[in-house]
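Each remark here refers to the structure printed beneath this line.
Naming follows writing order (A, B and C), and every chain is counted from residue 1.
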Amino acid sequence: MFENILNEIKLRNNEIKLRNPLVHCITNYVTVNDCANAILAVNGSPIMADDINEVEDITTICNSLVINIGTLNERTITSMIAAGKMANNLNHPIIFDPVGAGASKFRTESAKKLLKNISFSVIRGNISEIKALAINTSTTQGVDASINDIVTKDNLDEVVKFAKKFSQETNAIIAITGAIDIIASKDKAYAIYNGCSTMSKITGTGCMLSAILGAFIAVGQSSLLETTAYTVALMGYCGELASQKIRNRDEGTSSFRTYLIDALSTIKYKDLKAGVKIDVL
Amino acid sequence: MFENILNEIKLRNNEIKLRNPLVHCITNYVTVNDCANAILAVNGSPIMADDINEVEDITTICNSLVINIGTLNERTITSMIAAGKMANNLNHPIIFDPVGAGASKFRTESAKKLLKNISFSVIRGNISEIKALAINTSTTQGVDASINDIVTKDNLDEVVKFAKKFSQETNAIIAITGAIDIIASKDKAYAIYNGCSTMSKITGTGCMLSAILGAFIAVGQSSLLETTAYTVALMGYCGELASQKIRNRDEGTSSFRTYLIDALSTIKYKDLKAGVKIDVL
Amino acid sequence: MFENILNEIKLRNNEIKLRNPLVHCITNYVTVNDCANAILAVNGSPIMADDINEVEDITTICNSLVINIGTLNERTITSMIAAGKMANNLNHPIIFDPVGAGASKFRTESAKKLLKNISFSVIRGNISEIKALAINTSTTQGVDASINDIVTKDNLDEVVKFAKKFSQETNAIIAITGAIDIIASKDKAYAIYNGCSTMSKITGTGCMLSAILGAFIAVGQSSLLETTAYTVALMGYCGELASQKIRNRDEGTSSFRTYLIDALSTIKYKDLKAGVKIDVL
């Protein structure tokens, strides 16, 4: 079973280099530059465009769409829905990153509105955001998982059950990321143990992950669950490499950010294969 | 007297790690990523949100608010006022960065409008911006202090007098930053001699300083003047460390930016204590 | 003839340090931070402002204007036209970067509208974007030149002829950048062979080039063609230096971005003179 993922890794890595997928991102202005550079690092090609007059045209020439509500407003929500509907018509995969869902009424409602109007391939967020989307009871503390919403070995089974159920409801792969990542379809899930604590000391690791999911899913639509799990593990492992580098060089969080994208752009298949820590659940 | 600051340094450093304050930023799209990473580097948690439909909700769950008019427009000015009023109601500290006040009529008037509608805890800018806010006669050259507006040892007394007076008028701590930084309440002031010339060769050092002030003031509301002075000295000293690093490694301004945030994320209390250069005035 | 360029290099490098030109940028939110830091690196001073209420004031106090449609919308297009008209009235040089022209109808039409309303000093883009502006037949793939639109030694003469003709029509210097760069006035052209493939693996090299053109043209309005050619060669050569550095240090694309701006901020005239690869056509 684990072999699925390893085969996926090799396949997607080769295919993305050949096909150089175009990824349409409607995203926030905080981490947009990192998202573009992360997509380029993994051999995709980013296009950022959010005006209602062009989002349908842009989505049409692209291979996938990434919707991120980090700095949402009414203008861009409208564009997101128009782009999402067009991408659905064209059968392009769509990634949804409901940044901060639960932190304000407008954010939660906008996220739910998007979920109602668009059929997503993958929904990626921290446990608080996904809960806010799913059950409308969570209170998220900004972009971080709130304390009593951390995924641990103790509540792992419960979270997996929740993720599978939410996957069934939305017909999307659910990727709940944090110290332990849970990637679930309606009947299967992976737990990923890659990553490091420094990833939460820079802005944008979640956004970058959603962005590169856009690139990998564009060439991996035939195996959504495995491709998502692979991409999450890739990001986490690149974080580990970056973390090691700043420790060796006695540097800080901004160097970490640089080395994280560096790792995405230079990592070799055999190293990744050796470093990935995945459990099938 | 100087001991006040040193105690403050130790106190705030410990408290910010314990409390991890949430900082709501309504800021410009040029340096927003650096602001978020700077806040994270000092153990705060940034939330960037500028839509009128959610700024009051977001400010409510946060511990402080930072308003920066670097790329202001009518939509965001409205959001700034709404968020500012809510933060005032909740007694949350608010930092104001009047970027480029004096450079256009719209900018100066918007800054004055904010000043009229919101009660700020700290106002931070270069001497031109603060003068434009205060006396409506300065012509600022973009984001830099205009030549005849530089704070030197010769005009130091005059600037301190001006800053104290403006602090009295606004009931805010006034932080005028440049080669020499002046931090003033209505009856007391500090001059800070930390920093380096490379800080003006990258965009965002001022914005980042205002952003991390949001984090430190959130845990230091009881001693606004000392906490502000401490934070300004911290930023300046981290600039010195970054400057030394690029000289050692023969690197340029972009590496400087990286090492500046690195320093914010790694600096030890005892090093900062040894490096701070402050005069009580 | 080649001497013209070398003299230009020395002249502009000295003048920009003395005059510290203010560059007004109305640009996209993806690469805006890199653009600001690139302008500062070459000793210019950036001001980013896009609101209709202030763009004319801001352009008035600046020395040049850079218009970049990377993330255009109706609000900013209006501001671009207002700023452009004011800059034309004041005889300030204007750089146009038609990012993604050809990728959507709205983008192509907006670019053409700008071209109709504003008289530009320099238009810089990849071959697809310039073609979309000129003949309305190209289909650009996002921000990259589409495969059948690459400038090679085989089609060089054809591209030069096209660029000269478009320069005559628009009365602007045409800078077509890619693996080979073509810089043309109506009757003269340069081909530049500097640069490296990693430049297309980060976002913003084109935007940064347009941004620093704003700074150099502000002090080089008397010799537009040579100043443009010089600036393009400078950017390309700095790319080569950055590329060498990441190879030596075994780093990736994000480090490349850092070293590219580092090189802009540290390069010496004599090194640049030795590294520039230009043909007069």
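To be clear about the criterion, a residue touches a chain if its C-beta (ideal position, glycine included) is under 8 Å from a C-beta of that chain, and two chains touch if they have at least 3 such contacts.
Computed from a predicted model, the values in this text were never measured in an experiment.
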Comparing which residue numbers subunit B and subunit C contribute to their contact, where sharing over half means same and under half means different, the two sides are different
Fit subunit A to subunit C on CA atoms, both being copies of the same sequence, and give the resulting rotation angle in degrees, nearest 5.
120
Between the Cα centroids of subunit B and subunit C the separation in whole angstrom comes to 33
Among all residues of subunit A, those touching at least two other chains are 29, 33, 257-258
So in the complex, which bits of subunit A are touching subunit B?
28-31, 33-34, 70-74, 100, 103-107, 139, 141-144, 201-204, 250-255, 257-258
Contact residues on subunit B for subunit A in the complex?
22, 29, 32-33, 36-37, 40-41, 45-51, 53-54, 57-58, 61-62, 75, 257-266
